[in-house]
Amino acid sequence: MEKINTLINELETLKPDLFGKDFLLTWDNSLDSLKAVMLVAEILQNFHWQKKPWRIFDYGLAISIFRDNSTRTRFSFASAVNGLGLALAELDEVKSQIAHGETVRETANMISFLTEVIGIRDDMYPGEGHTYMLEVANAISEGYQQGILAQRPAVINLQCDLDHPTQVLSDLLKLKDYFGGWENLKGKKIAMSWAYSPSYGKPLSVPQGIINLMTRFGMNVVLAHPEGYDLLPETIQSAFSFAQESGGSFSQTTLMEEAFQNADIVYPKSWAPMSVMQQRTKLLKAGDKQGLKELEMHCLAQNEKYIDWECDDEMMKLTKNGNALYEHCLPADISDVSCENGEVAKSVFEKYRLHTYQEAGYKPFVIAAMIFMSKVKEPAAKLRSFV
Amino acid sequence: MEKINTLINELETLKPDLFGKDFLLTWDNSLDSLKAVMLVAEILQNFHWQKKPWRIFDYGLAISIFRDNSTRTRFSFASAVNGLGLALAELDEVKSQIAHGETVRETANMISFLTEVIGIRDDMYPGEGHTYMLEVANAISEGYQQGILAQRPAVINLQCDLDHPTQVLSDLLKLKDYFGGWENLKGKKIAMSWAYSPSYGKPLSVPQGIINLMTRFGMNVVLAHPEGYDLLPETIQSAFSFAQESGGSFSQTTLMEEAFQNADIVYPKSWAPMSVMQQRTKLLKAGDKQGLKELEMHCLAQNEKYIDWECDDEMMKLTKNGNALYEHCLPADISDVSCENGEVAKSVFEKYRLHTYQEAGYKPFVIAAMIFMSKVKEPAAKLRSFV
Amino acid sequence: MEKINTLINELETLKPDLFGKDFLLTWDNSLDSLKAVMLVAEILQNFHWQKKPWRIFDYGLAISIFRDNSTRTRFSFASAVNGLGLALAELDEVKSQIAHGETVRETANMISFLTEVIGIRDDMYPGEGHTYMLEVANAISEGYQQGILAQRPAVINLQCDLDHPTQVLSDLLKLKDYFGGWENLKGKKIAMSWAYSPSYGKPLSVPQGIINLMTRFGMNVVLAHPEGYDLLPETIQSAFSFAQESGGSFSQTTLMEEAFQNADIVYPKSWAPMSVMQQRTKLLKAGDKQGLKELEMHCLAQNEKYIDWECDDEMMKLTKNGNALYEHCLPADISDVSCENGEVAKSVFEKYRLHTYQEAGYKPFVIAAMIFMSKVKEPAAKLRSFV
């Protein structure tokens, strides 16, 4: 109880601006808003461990729209809305008449008459995912303002082409716990590094999210990737300015070793070059199967050149006391486990496996916290009522 | 609150016969029963807007069986049962062993041990959908009478080959609201008109449902369609006799213009000729892919002849003060939006778009009201307990 | 109420060892544990008939993993967890990233942060299903012990390659009810017999489960099947020793008639020879489509030889007073109904149809009882609180 009260007291010192809002990008939110989400996540997690209910809805739907595969995020969302008192309804765009050319604007309202939350994953196509979420958000705003909907559902980004807020806030909560508070993160060096994977077309949202979140907490963020594996330029620029504001730093390198050098935290993960993702989107829209096949083969061949970008024991030796914390959004491509050569050596992953589970364990509560803050006018009072 | 009390008082003046019953066809129900469903729907909708819970079940399942695609009805049903306190379980006939030739009679009981409601959409094959619903209803009646089931689930028609009661009652509630009460609907002219669509095989349930519901409320119903696009003969006959009983009228024409002339309400919508649907059913049963392909091509070519059956500004000018209310079950085939040439012009649809959203917004509450009336012995008392 | 109190009193005389445990195999559980599950199932069923809620969870997920088709077990699980207060979340291994080579260990933890129960059906491959369930169980045990999970989900076997405990305990509850108590089952003869079916590859779990459960209750169990349709040897051995312990008997024959002779209960059901199932597993793993096709044809031809293994009126005449109770897990292959020649004659099945429905009706409550006993420290006290 004491820990919960401490966290609620800290929450009261903040000035978040989340009530009635969607949660789409961390960089559209103030530092207080981000901290509030994380504090509420910790509080709800503590209630869960103490088997105290934290329901805030009598009834209502939470709708998820997954335009890409997912296990952990799917179940994190299902868990979060269940704890808050909502029933999950998944919008399957194949089963539904969206497949029949129904407009987003109409569908968004048609499914929202008793809906409190809409969670969306749409991460495969640069320029698409975030735009789609805005379309949905605008559609239900109109429906709400025009008296079609009794309540406006909160739109939660479960991963888009730009950011993966529920993931990176979970990553940050793990760091807060591991290093003992946000203050202790100042000056810590985190290596957000590309890593080799035999797969292709992984989204850019995690590295873009990491460099734009960790820089805001005074950390020294180094982004490492081979030439050609660039992230979206605007996300690079914003990372620089966030670092400046916070007193942290942001830099880039094309050497994994340089990023790992004396790092406190490493986040080695594969992603596809932005240019490839954009080309892929074009080909998909054109339905050019041959082109897609060639692009994939080209990319896999391209990746092969960087097969040595693996987080192995040698690489880890370079980090602070050879002992940096390893983070990953999971599932990781583990060499000799899920593939022959992957992002991380079996020995390294096994050493940090339980840490990655804890990291993932924050996600249901981060999602719940985003919904909670959007729906509850007096968060601290409401949380105290659960104690 | 006052509005709710007024509605409950009106409900008490009626003698509905819905307790323990299924809701399959509007024309199997008395006028009092139909009005009761609509009043309860309005009441529950008002509770929702006032954020007052209207749960009637401690626990239990609501099962949906969708034999055709659906977005709005799927989510309307999910919303309705959630508000009433049930958990949704969708019977996917592919996943389930029905695919293995299990009999309807057996399956219906196997899934019903803790089930309060079974919602079914089966609208594609004339002579099939309603028959299937009766099979399910009879199976669970036997199970209940024989002591297999502790409760008899209510079967709700979410669209069959004959009628689409949850839709047309929502359409009617929109009219009640728009014109200020049922009394004001007497003598109003509604044009239920076929309209062109580049698609094929749309069910007959909506036009059949409209002409058999609106005629019961004293409206002047005109059915318009090109030659060959007939509805089921028995639904035409019943429309005539309903009109006679109510003092309204029912007539048919092969000219869209004639139907629109001085109309108060227009409902332009595409459907497939009954004969085509019947032929289609035969071919599907025979698994005659070639025949189906030819039939589709034949039909689309046939439709092309009537490409000018579009609800455009010119057509709307013909209506009462050029200002008739446009209704549609959605999604509409909108020219230059969802297709090149469709049922309605973009300009017309946009003018009435929010009206169609409100129209759709009644559906979750109409479904909830059907379940409520089937399950609650003292509806008015129960509703008062929510106030 | 009186019946419920009697059952609770009986429950208090037992020393079950189920708290915090999974339920995977009946033969891993003591007689007291099995009786406790069945008593609690009867009690919960009585609460349901008296419309008294029996919820034990404020919130939480119940996850089902179905690696084979299912209707009744799917809905039984959905019903059970709903009554207990959990929300169902189905893990679809196609939608999920398990399809991307994620390890069982990781996935099991990733989906369990707010999960109380995991129900698994994995019955197609000898040596696979039970092993998979143990992997899941070990994974979440580690997660719980290592502080990753706030609660350890109970793993419930919804049918594996070895046993089908929720089914056979339902079969036994039907016998308890039919013959008036466990005592009256002593010395009763039950014929667990193979029967002809035009299908192929049916699991062995039901016959293996039946011979290993009924022998523990002092029954005389006769297993009949054509040569070559053997069950797993260890399940035969354990059946012999269970019979010895209980004072019942176990024997085998290759004549259906001999098994039916003077039987009190008959359970005629088709299954595939163990050797075929094992070969099938190899071919599936090798992706040998041609081999699978040949194996299926070979098996169907093999089955044809035993087309006379049908439970028809002649066969039933051999039983005690020609009046044995017919049991089946459903769906049965009924001659002239679901196939030309099947496991049971239409006339026989129709006579016992409602009995088979009652038999199936216990399953939701058996599942609920397994979860209840795993999660509730003081079962009798909790049950009394529902009265």
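Just so it is clear, A, B and C label the chains in written order, and each chain counts residues from 1 on its own.
To be clear about the criterion, a contact is a pair of C-beta atoms (placed from the backbone, for glycine too) under 8 Å apart; a residue touches a chain by one contact, two chains touch by 3 or more.
Note that the structure is predicted; figures quoted are calculated from it, not measured.
Under half of the residue numbers found at the chain B and chain C interface occur in both copies, marking it as a different-residue contact. Matching CA atoms, the turn from chain A to chain B amounts to 120°, rounded to the nearest 5.
Chain centres here are Cα averages; for chain B and chain C they lie 41 Å apart.
In chain C, the positions touching at least two other chains are 87. The touching residues of chain A, when paired with chain C in their complex, are 48-49, 51, 53, 55, 66, 69-72, 74-76, 78-79, 82-83, 85, 87-88, 199, 330-331, 337-339, 353-354, 357-358, 360-361, 363-364.
Put simply, chain A touches chain B in their complex at residues 58-61, 63, 87, 89, 91, 95-103, 106-107, 109-111, 113-115, 143, 146-150.
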